[in-house]
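Each chain carries a letter (A, B and C) given by its place in the written order, and its residues are counted from 1.
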Amino acid sequence: MDEPLLIMEVDRISKEFGGVRALDSVSFSVYERQILALIGPNGAGKTTLLNIVAGTLPAGNGQVRFRGKRLNGRPTHDRVRMGIARTFQQAHIFDKMTVLENVMVGCHLRGQCGLLHAALRLPALRREEEDVYLDAMRFLNLVGLGTKADQQAGSLPFGQQRLLAMSRALASNPTVLLLDEPAAGLNRMEKNDLAELVRRIQQMGVTIVLVEHDMELVMRLADWVVVLNHGQRLAQGTPEQVRRDPAVVAAYLGTERD
Amino acid sequence: MPDYGLSDYLQFVLSGLSTGSIYVLIALGLIAIYNVTGVVNLAQGEFVMLGAMFAVTLVGLHIPIGFAFIGSVLGVVLVGMLIQRLTIHPARHAPEVSLIIITIGTAIALRGLALLFWGTTPRSLPEFSPGPPLNVMGAILSRQRIWIMGTAGVVLLLLYLFFEFTLLGKAVRACSINRRASELLGINPELMSLLSYALGAGLGAIGGIVIAPLTLVDYNMGLVLGLKGFVAAIMGGLVNMPAAVIGGLALGVLESFTSGFLSSGIKDAVAFLTLFIILLARTTSIKTTLQEKRAQRQARPKGR
Amino acid sequence: MSIRSVSKSWTRSNLIGLLVFIAFIGTLPLWVRTPYALSNMVLIGIYSLVTIGLCLLMGYAGQISLGQAAFFGLGAYGSGILTVHFGWSPWIALLIAAVITAVIAYFIGIPMFRLRSHYLAMGTLAFGAIVTIVMNEWKVYTGGPTGLPGIPRFTLGAIPIKSDIAYYYLAWGTVIIGLIIALNLVRSRFGRALRAIHDSEPAAQSLGVDVDRYKLITLVISSIYASVAGSLYAHYIIFISPNAFDFSVSVRLVLMVAVGGLASIWGAPFGTAVVILLTMALREIVPLLTRYGSGEHQIIAYGLLLVVIMIFMPDGLTVALVRAWRRLLNSETLRRRLSAYRRRP
């Protein structure tokens, strides 16, 4: 039986915003090919943590380690190069570009050709563009948006914009994919499709860290659940363990429902 | 380097403080508008210019200075509200780049209209209280400078009272802190935007009227003044009024000393260089503040 | 977009557009006869070079520059000083001036791109103002406010490029090269990254685009365009003074890009032409309307134009015109007339 590989470690991360303690010494480990769900009531600090791991926000205290290497201080684009990709709650797709172009941006880091190649449109660049085109179409087809390749991204319905965002993030060939509330605002059918997609991504070999509110989805998908409350790690375990944990139940019942 | 005595230093400081008071007034107008609408009014200097121009015209019609002051301020306030309605409101969803260009276009249009109405010849306004300059502990200070500092002081006090103790002022403050929430409390954000422009225009006009007797009043005077007011405003990050007060006064004093020790031609460069240095120094802190604000918004529970 | 379109050297529409453009520009001097009009065409060409670069910066990278005239001036004074005071060849001076401008742009850009739009706007404004002050105060080399006279001409071998016609082709030849390069850049990974940055910086960042670096590169590229244009300008006018490179010029450049369409490379020379021709027209008309001289009144028109365009035609005049044209072609009455015409035996 293979030992699961430790791929990412969140080590005593703390973060303060002018007096507000958003995160207080949060730690957990992420193993390769795992789907880890980060849950907790509103304001628990989940998105802040995601932002710190992604590099959008600097950590106050503590470290994040990826394959043993410290991530502190590295800008986001560096982390993407290392293999960490993320999506946003509001998708943030490039609405004035086409659907395909959105994914082509995801392939950005694969490009070797520099400005000179671009300016003079040398053959090497043209060949690279072809490769990028094919790759991007592949990722689009993966999420089922292949037919909409030439549509303007801004005209897509919200659920499909989310899919586009995921396709785009996948195009950067990540080892770890951070998903920020991917199910928010989706209907039941769309959530089923999402769950299937996430499973497929996991089968492709990608580790997934998922911030989510939808408990059903979490229970269905997650291999491991970490619960945050008021910036602290309240509990962690398998979905079953966490569901039965009285502290977790109390935390959820004691706050406003979504 | 010329040999200066203590009274000369005092003169530099005092005259710098009075010039700085003008920058403060302009900066406060910028901040009032930015806080509520999120728009950086690059036409702020033109409100200053219009204030001075209106006052000159009214005085030219033999209206006593007191009424001319009030009339001019009201006139510019009207213009400010018109501008908000006509140029900012229709473009309120446009990207930042567009809005900035719009304010620039407005500034240019105002400058052109001033040129059309008042021509190229510079005007002047008589001092509020004519008389020889005063001697303050050896420093020679023209009476108008006292007027400037006094007016600025009174305006600051009134602003403080307005924001702290009046319902309207608190509504404006609420709107600048959290637009959505104040909307839910019954505050009309569109009205607040309009009022913020009225306030900004009024503050600019006051600045223009009090400085008019000391400078050449022409259609071009707003550009540099507006820029210097902006420098003062960004010392408060465009949101912090007390910091802008300190910044504006400091800029005025710095300019005064530069004029005394180097040359008055370099004086304007001081403001630009200061702007540069501040921007350089603030790059990291602006970035972190923006990140923190964004994260705070995301971390805060929805709908509250 | 098909895979073939991606791998081709040129898209069909771009190639046709380019050939038509070259034909138009190439034959223009045949039917523009007055020296006044021709020299204005030369100036349109020179300024178009600046606006193409500025379009990349503002329209694609989404960064405001209120000081682009400073780079234009650095190129002009760079060429001017190197040729007048040091006797260098104008071609070499053009190259060196461009390098110096690029270096300055690089160092200015490093701190500035972490700032938000309005800070950047003011920062570039301040930069422009500082450059103007230096032009005025560094009298030893720049000649101060009275300007720098006696700039030599470009030479091809021993022949100086002096006549308007010769300069016309030199300027527009450069514009066409600049246009091709800009179009190529936009159609590459670089251009996509820029458009991504424009649409959503955090998203671009999250896909590995080094946003700060790309903004900086675009600034440097735009400064090179401006500098080369400045050098062309200096050797054309052969006498330069600081007020050709001040804030009002920067504003006019922004206007030209806005009119042409912020995100349209083709729009840049178009917008430039519109603004310059408008200025010419205003200079003729305004003295007929008011007592005052025409000089400064154009600025009202500029201001109003900027505001109106940004509110109603934020994609610029070119796109608005194209849309209106399409709407005209699609209109019911036109279709009815055409179908009636077709039904005739």
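Keep this in mind: a contact is a pair of C-beta atoms (placed from the backbone, for glycine too) under 8 Å apart; a residue touches a chain by one contact, two chains touch by 3 or more.
Computed from a prediction, not measured in an experiment: that's the story for all the values here.
Colleague: Pick the chain whose C-alpha centre of mass, unweighted, sits closest to the average of all protein C-alpha coordinates shown.
Modeller: It is chain C that sits nearest the middle.
Colleague: Relative to subunit C, which chain has the most distant C-alpha mean position?
Modeller: Looking at centroid distances, A is the chain farthest away.
Colleague: Hey, how far is the Cα centre of subunit A from the one of subunit B, in Å?
Modeller: About 45 Å, centre to centre.
Colleague: Based only on mean CA positions, could you tell me how far subunit A sits from subunit C in angstrom?
Modeller: Roughly 41 Å, centre to centre.
Colleague: Measure off the straight-line distance from the CA centroid of subunit B to the CA centroid of subunit C, and report it in whole Å.
Modeller: Between these chains, centre-to-centre, one finds 33 Å.
Colleague: Please output the residue numbers of subunit A that touch at least 2 other chains, ranges allowed.
Modeller: 56
Colleague: Show the residues in subunit C shared as contacts by 2 or more other chains, in ascending order.
Modeller: In subunit C, no residue touches two or more other chains.
Colleague: Which of the residues in subunit C end up touching subunit B in this complex?
Modeller: Within the complex, subunit C contacts subunit B at residues 58, 62, 64, 66, 111-112, 114-119, 121-123, 125-127, 129-130, 133, 137, 247, 251, 254, 258, 262, 290, 292, 296-307, 310-311, 314.
Colleague: Sort out for me which residues of subunit A touch subunit C in the complex.
Modeller: 54, 56, 75-77, 80-81, 85-88, 92-98, 100-101, 104-106, 108-109, 111, 113, 115, 117-121, 125-130, 132-134, 149-150, 165, 168-169, 171-172
Colleague: Subunit C touches which residues of subunit B in the complex?
Modeller: The touching residues are 40, 42, 87, 90-91, 94-102, 104-113, 115-116, 119-120, 223, 227, 230, 234, 238, 265-266, 268-269, 272-273, 275-276, 279-280, 282-284, 286-287, 290.
Colleague: Under the touch definition given earlier, write down the residues of subunit C that touch subunit A in their complex.
Modeller: Interface residues on the subunit C side: 1, 3, 6-10, 181, 184-185, 187-193, 195-196, 198-200, 202-211, 217, 221, 263.
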